[in-house]
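Two complexes are shown next, each including chain A; its partner changes from chain B in the first to chain C in the second.
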Partner chain A sequence: MRDRTLKYLLVAPAVLVVAATAVWPLFESLRLSTYAGRLSRPDFPQAFVGADQYTWAFFEEPAFWNSVWVTGVYTVVTVVLTTAFALAFALLLAPGGRFRSGVQSLLILPFAMSPALIGVSFRFMFNPEFGLFDAVLTGIIPGIGDINWLADPVWSFWVLVAADVWGWIPFLTLVLIGGLASIPRETQEAAQVDGASGWRVFKDVTVPQLLPVLAVVIILKAIFSLKTFDLVFMLTNGGPGNATQTLSHYVYFNGFKYAEFGYASAVAWLMVIPMLVLTYFYARFVFDRR
Partner chain B sequence: MTPRTRRRLLVMLQHIAIVLFILVMMVPIIWIALAAFKRHVDVYQLKLLFTPVLDNFSRVFAEPYNLGEKLFNSTVVAAVTVLLAIPVATAAAYAFSRFRLRAQTFLLAIILATQFVPAVVIVLPFFVMYRDLGLLDTLTGLIIVNLAIVMPFAIWMIKGFIDGIPIDTEEAALVDGSSRLQVIRNIVLPMAAPGLVTAGIFCFIIAWNEFLFALILTSKDAVTLPVGLALFKAEEGDLWNLMAAAGIIIMVPMFVLALIIRRHFVQGMTMGAVR
Partner chain C sequence: MNRQSFPMLALACVAAVLTAGSATAQELPYGLKADKPYEGTTLNILSVVTPQFDGLKLRDGEFTELTGIETEWTFIPFGSLQDKLVTEGIAATGEFDLVNYLDSWGPTNAYWLRSIDDLLEEDGISMDRYPPAFAKSAQFEGETKGFPLRAHAQLMFYRKDLIDTPPTSWEEVIEIGKALKESNPEIAPLALYYNNDGNRQNLFVWLNFLWAAGADVFNDDGTPAWTSDAAIKATEDYVALHTVEKITNEASLSFIEADARQSFVQGNSAMTPQWWWAYSSMINPEQSTLTEEQVGFAGMPAYQGETASYAISMPFSISTYSKQQEAAWEFLKWLSNPELEKKNATEREVAGETIINNVVTHLENLQDAEVNAANANIQIAAFASLENSDIMPQIAEWPEIGDLLSGAIAEAAAGGDVRELMTAAGDQATKLLKRSGRI
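What follows is the complex of A and B.
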């Protein structure tokens, strides 16, 4: 067989699988979003309503804006905190030494843990009666009193953030250790010889060279934060009330609890748009590398 | 303070910081793991010393929880997903790596982008389709949607490995009269084998931990382990010791697999954007 035909035969199955399992649902949910679709009724999907469900989300549903707000704040906070902590730990671990390889192995573990299970674990740790973190925090911080973490709209949000940051720090740390290792040592040493302080070397030499790697992990983390579902479902289930309801959870609730399938599809599609923007930037980094 | 003692002090502080960091990272895992060996009463106290018991494990496998069924489902779904995805992805990865295709960059970008589509967007149409086809609550249905999340990773990861194999031996064999398929079978596959295993393990972990699809598309017969955790949210409150025992069964096998491929984790997750 000629290579010219063979190469397309080799790609065809994979392209078909991706088209059928990822591209098709994307367009099908766009179509569904223009129909009034109550799943519980046999004549699903019902009348064509055009963009009505989008305008409904925008103008008639405070709960939609609530989840946009929650998701937005959640994304910004988790991205900033995860990156900051990971950068600190990467700098700490970068010099190497006895610990490094063992530490790197340990760091894989939280990342191999199912997010649903992380949610369970944190719910356990923040239990107001016998949770370990609850006990430690009330011990360290005087006057914090008895907090029922997950029943409080503000605290439950921060517990969610803590669980997410905890789960993602290892991955980002590992990426940044790799990034730091690829910076030629000479540039840092040259700056030191020229009399620059440790902080100046970090700010003016290390960070600029680390920027491409930092950009990649920040975009990647932002994408995963925007999508967050498993953790929310297991840890707070969007509550109390809808204080921690992210967009994914809002779509899930409307689609499968209220059976408002058309509306859920419309909101799901609104989620796709910021994702496409982030993916565009991510793809540019991936392709520039080659 | 002499510069030497100052340096020592700094190194010591650094070590303390590393130990603290590791402690914080490991506590949630260790604490839930300990709970799996505690009796019901011990869970509700902050005890470090307790008599370990194995009852929780026998209870989760017994009625009414039947965790064995979920373990079976998770294993089958993850294994079949990987066995389907890896050969298909390898074929595509080889073509992307060695040939110029029409719309190559476009195709690769689409494959990359599908990885980032929220699972909740994908699951809505699949739910309607499965309802009509009777595929709800079946392992087959779950395997099909799992391919959606696993394929892009597999293609990009394996392409990265094949890109790293020198092309010379292949060209020499082609000149000597081997066909392209012979070259793939006799030269490329053996050299890419470690990479294929790595990608397979990586995808296995992703499929094993997958939650949203299983939550929505299964209800009784095809429930997987992560969704099975919800079984232990009883009316009288969460059954923490049982939940923890199930947690051990979910996480320990993944820990072992993750350690095997730990050097490739970063590359896999970033699809080669960071090596």
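What follows is the complex of A and C.
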């Protein structure tokens, strides 16, 4: 057997699996998004409706725009905060950095937890009656105990952000530690010898060289933030009202709770667009070696 | 064969025929078919996790003995049951012969749940054996889809050691609440659940107010009715328990039903409206800090002089995808028989396992002295609560409409304008109902 044939044969199973589990569902959901796909009726999917599901989302459904807004703000805030904290921790834990051994093992703990578990834990911890945070924070800042964290639209959003940032920092820190390790130390040492301050070394020498890794971290986190579901589902379930309803949660509710598969498919496809853009940039940063 | 042996043989034949005849005519209990026509069949049952159904499962050896039909139960936690049900409906594989679901999910899945009216008639079973609200919860568009095997009535639970006489009206709840705030400031008078997280639970008590005020969720033409003046007033009064009267636990905004129950059993709240099944956990020392002497229950309080309560059920239905629907019907007959239900609510141990269950759904069992004696008379209280009760609207669009309402009420309780929020929910609901062709 020629090498070329063998190569394709070896790749074929993986391609088939991806085609069956990702490509086909993707196109099938695109088809469904053009039908009145109500699961509550036996003739599923029902009539072809063209772009009706999309126009309904854009012009008739405030909940859709609410979830777009929540997802957008959530993505920006979590990406910024997670990256900033992860970078700070990475600098502390980089080879030669202080506190390395002790903190590194502590940091790995949140990463080992599933987002669903983090959601449940935070839900309990922010319970206004017997939650740990409430008890601790009340002791530190009197009056803060009056805040009903998960019942307030603004606070519940920030609790969600806190849970996500807490869960993601370790992974991104580890990635950035790898990135920092790949930067030649001579460049930093040369700048120091030339009299550059620590901040100048970081800003003008370290960050520019870390930029490709930083870009990957930001894009990766943005993709995960955009499709956040499990944490929202377990922590706030989109509430109070729909103050923390992300797009994924909105899609899930429309598909599984409201049996509107056609509409849920359409909104899922609207989510695909930013995902494709981010994936394109991610692929460029990771695979483009030119 | 000689002449002498012939009469003996004839006699033996007659005896054999007579014996066989009597066997065929043998009546099996619960209307089950004789001669085990479905012997060797295995039924797959999808059920919610609950001690009540654990008790039934532990007893189903009797069914297998009578019919030769084996059973395989799959228990799913309530939180995941709806997803499993939807998946079963889409997959249409007939993996489960019988399914258990919340009544408000029924309309969405009704197209693949078998109508059993013909079977009921054939076997002489009447849905009149259940309270009307329970019976209605297993019916959709005039067709009976199953039996309400697990169903609940609302009761007001209160601390007997803190409250001498339970409230009979919401005015009295407020009165008692304010007095309690003075006498026992460390305990919240009332644990409610305004959060919209979890199957529209903040509508449970709201419906009491709404119906008692003579208002309703939908008008006869299917349009939203919760924007009428009477409905808005009822909603304002429901929300005012928290925002104006301030007799609720401060955490009620983020509470779902289970949180309010937890607050009560932890001794942090003095009253809470809950489903009747909660009683056993409230006096269970492993789950509660309260004792039987401390926990009392009464019917739901009246609003504007009228008491109306909300009822809920989890029916069992036969899947139309099942290839063993006849055998499944045999099982449903056995599973829903009132004698079994009574045993399950009075016997505290089955096959060496402790089962504590107070749920019965047949009218005869709700009023049964033995059942009541075994459960502190909670069934009689539930029976009274069910006298004027109803269920949530049985339309396929209800989950979405109900969530709109639930969100509006959560926001109103957090300080939003009731009329504005309810009107906005009504407008959006009208659009949804028009889109689906309902109106």
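Note that the second predicted complex is superposed on the first by the 275 of 290 C-alpha atoms of A that agree within 3 Å, B and C clash if a C-alpha of one lies under 4 Å from a C-alpha of the other, contacts with A are read in each partner's own complex, and residues count from 1 in each chain.
Just so it is clear, a contact is a pair of C-beta atoms (placed from the backbone, for glycine too) under 8 Å apart; a residue touches a chain by one contact, two chains touch by 3 or more.
Computed from a prediction, not measured in an experiment: that's the story for all the values here.
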item	value
First, second, both or neither for A:V272, with chain B first and chain C second	first
Which of chain B and chain C A:E129 touches, first, second, both or neither	both
Contacts of A:L92 with chain B and chain C, given as first, second, both or neither	first
Which of chain B and chain C A:D3 touches, first, second, both or neither	first
First (chain B), second (chain C), both or neither touched by A:F256	both
Chain B versus chain C as contact partner of A:F229, first or second or both or neither	first
First (chain B), second (chain C), both or neither touched by A:P184	neither
Contacts of A:R41 with chain B and chain C, given as first, second, both or neither	second
Contact breadth on chain A, by residue count: chain C or chain B	B
Touching both chain B and chain C, residues of chain A	39, 44, 129-130, 256
In the complex with chain A, residue positions of chain C that touch it	82-83, 86, 89-90, 107-112, 194-198, 249-251, 253-254, 259, 262-263, 266, 268, 396-397, 399-400, 403, 407-408, 410-411, 414, 428, 431, 435-436
Parts of chain A lying in touch with chain C, wherever the complex brings them together	38-42, 44, 56, 60, 62, 127-130, 146, 148-153, 236-242, 253-254, 256-260
Chain A-touching residues of chain B, taken from the complex the two chains share	14-15, 17-18, 21-22, 24-29, 31-32, 35, 43-46, 85, 88-89, 91-92, 94-96, 98-99, 101, 105, 107-114, 116-128, 144-145, 147-148, 151-152, 155, 179-181, 205, 208-209, 211-212, 215-216, 225-227, 229-230, 238, 240, 243-244, 247, 250-251, 254-255, 257-259, 262, 265-266, 269-275
Residue ranges of chain A in contact with chain B within the complex	1, 3, 6-8, 10-11, 13-15, 17-18, 21-26, 28-29, 32, 39, 44, 89, 92-93, 95, 99, 103-118, 120-125, 129-130, 132, 135, 166, 169-171, 174-175, 178-179, 213, 216-217, 220, 223, 226-227, 229-230, 233-234, 248, 251-252, 255-256, 261, 264-265, 268-269, 271-272, 275-276, 278-279, 282-283, 285-287, 289
